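What follows is subunit A paired twice: with subunit B in the first complex and subunit C in the second.
Showing the complex of A and B:
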């Protein structure tokens, strides 16, 4: 049996973590959720992930710095920025991310982008 | 002896000098809540109506970019219509509003209306060639043209459109700029344009020019302010609304699409309920800010107000694990403020202090009279202090260091104090704590 793709969610709202976990597990992924940047780095050190979904506004850290450092160290892992702010799109630092999904009442866009990125990664591997 | 008079706005005095009639007419224009366009129409009406200057027709050009463009042309299209209109408009009891309405209807009439005939007339203000009508605007001078057919400066297309030998060009000048030009004539009566007519028309030109200038300036300022405010509100709302909406949307989709257990259904509904409450809080806080400032300030007993706040059960919960010390001078003067707003402001500051103070920490409230007939409430915590990088932005809306904060608390506090004629001072040392002082005016006499 093929191993489930592993996704790391970095999101400071617990209810959203719960929602993302349930919805993405239904899609057949193995989901780990963390509430801040420090725990995210810890999780990344400990195990391998196939994809990261991260908010930008994170407690105790500049989310953009966090995302930049993750992309430097784990170059092959695709990153999706998932935020309530559309305005961050104007920040060059976000351009390096593979996708930018603005939070909305439907998770379809996020799911679609996750699927596409994982497929691309699978073909490349 | 003192006698009281009403403003003579709705009265019509056919026997008054024309200058007085015109001024009365124009002052009516400016008190109407009309748009710029409507007010310009009213000014043209002033130039053409019997109770104004009494020209037969008035044409308006406005400056767009660096050229004069034909915008409105007011007047009856034929002599027959002119006669019947004058009969209607000279009926006693016909007021300003009726005349402007009548003229608006005249303008909106496509068939036979005049305005469409000048739609395409367009004269550059930077042209080197002297040409009428734009010459008047370029020179900022009133030009009286007679014998237009033989006058080489009159533009051929313009001569064909206006079709009369005599007309008057009045530039609409403001302090800074030329805003447009009005051209009037007596196409139907054929009456010669006299010196008093020119004086009155010039007066209209001056008033109209400055009116357009200030209207456009005001509009520009309002637009800029609105835009800036909208930008801030937009970013703030994006965050405050999108997170709850994502949660509500996601858990609703589960309810609709998945076969959930009863327990999970209930859980989802509870989560949705909670997020709706969060959305309501956002609206309440914004609403509270926009409602501020009603009613007069009243003398407030700060000691009783703070005793009241300290007795609130909700505050007791927030204060768990922290000590609150309240020091109040016995001869404390009364503060001037809005009772509930002032109490809410103090509570906001107190909440912040309690959140900042560490477990086992202390918050001190001090009330004392100050110099220059002031009295202050100072709230000090021994928390981490405000990071230096954001100290100059702490009163900016939507600026927050709290995880669930909206960044409106201190905005509210500052508004409350501003409106009451007081002020807010904040002193903070990193690692040592923060002191917030609300300084009220006192109700005492000199």
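Showing the complex of A and C:
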């Protein structure tokens, strides 16, 4: 049986973590959620992931610094920035990520971008 | 006593501090701007070309393939642009509230493959290439007539708005002429009508005769601490030859501009311990202008392109925001004295 694509969600709001897990599992992905950058790095050390979705405002760390440090070690893993703030687009550190999604009431854009990036990596659900 | 000074072109007033004027040492930053660098992956470094959108231009001496290492200067569109390319729809709105689509161009010029260098560290040939690429990119974007203004600017250092220290410049084209540029244009047109000559040329002649605010002068360029400087150690790089557009700059002038920029940026770095700064190129719009009264002008006679270099050493606060007045704690005469000499590199 084909393995499910594995997605790491870095999001400090527990309710959003639950929502993302539920919605993305329905799409056929295996989802791990963590609440901060340190836990995310730990998870990346322990397991392989096909894609990371990360918030920028994280407790104890700047999400952009986190993404840049991820890119140094796991350069081929695609990253989607998922933030409530459009304004971070002005920060070129966001370019370390592959996509930028502004949080909204719908997860359709996020799902679409996850699908496209995984297809590019030939890891579809 | 402090002085109120009026900018001769745009009419903006500033307050220049008097006897309590600060000295260069008051602005030196321990460790310099480099100390603020956060280590990590850099999307502008060679080998990471897939992290940027496809390049729109690159200087590749070894004819390496596009979007691969081997470049010396690389230009890419903004990956997450605030303005998108396209034809603007007409302005709409309700009553007084006007709006239009966020149409425009936003490109990033990556000045060198070397992450640890900065503009003042580039060789004269490299710097000339970068300055030539600004000209070529503006010329290319200007062909799309919907973009009425093209702004080239650089943010160096976190305090100046740069999040990555890898040297880069930005080019943004907008479908409207910005207010600050319009203020200069209106002032220049008014003074042309009064004196029959470009006001920037008049200022240059006057300042050269007086000398007290001249930082550097060579055959093609004159760098001034503007009479009504808004910020400490502000500099204005003026071409000696009258020209409204940066795109008119000739090859020998590009070489001279590279030398001028390298000199003044190095002096700034050494005198003030590598401060953050912004620089911006102001040139005539990519369109004819309609002035108050409905007169349409090309501004070729009245406007004079220039580069403003603004070290970020003070914060703009309530008074400046509320009044449009700036309070500058360093007189332009002291700034010119400080920046007229080669200072040794800060240890």
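Everything below uses one rule, namely that the second predicted complex is superposed on the first by the 122 of 125 C-alpha atoms of A that agree within 3 Å, B and C clash if a C-alpha of one lies under 4 Å from a C-alpha of the other, contacts with A are read in each partner's own complex, and residues count from 1 in each chain.
The definition used in the following text is that a contact is a pair of C-beta atoms (placed from the backbone, for glycine too) under 8 Å apart; a residue touches a chain by one contact, two chains touch by 3 or more.
All of these numbers come straight from a predicted model, not from anything done at the bench.
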| item | value |
| --- | --- |
| Partner chain in contact with A:75 - subunit B first, subunit C second, else both or neither | second |
| Contacts of A:13 with subunit B and subunit C, given as first, second, both or neither | first |
| Touched partner set for A:64, first subunit B, second subunit C, both or neither | second |
| Subunit B versus subunit C as contact partner of A:95, first or second or both or neither | second |
| Complex contact set, residues of subunit B against subunit A | 235, 238-239, 241-243, 245-251, 253-254, 258, 271, 274-275, 403 |
| In the complex with subunit A, residue positions of subunit C that touch it | 38, 40-44, 51-52, 79-82, 108, 161-164, 168 |
| Subunit A - residues contacting subunit B, complex | 12-13, 15-16, 19, 22-23, 26, 57, 59, 84-87, 102-107 |
| Subunit A residues within the subunit C interface of the complex | 62, 64-65, 67-72, 75, 89-96, 98, 100 |
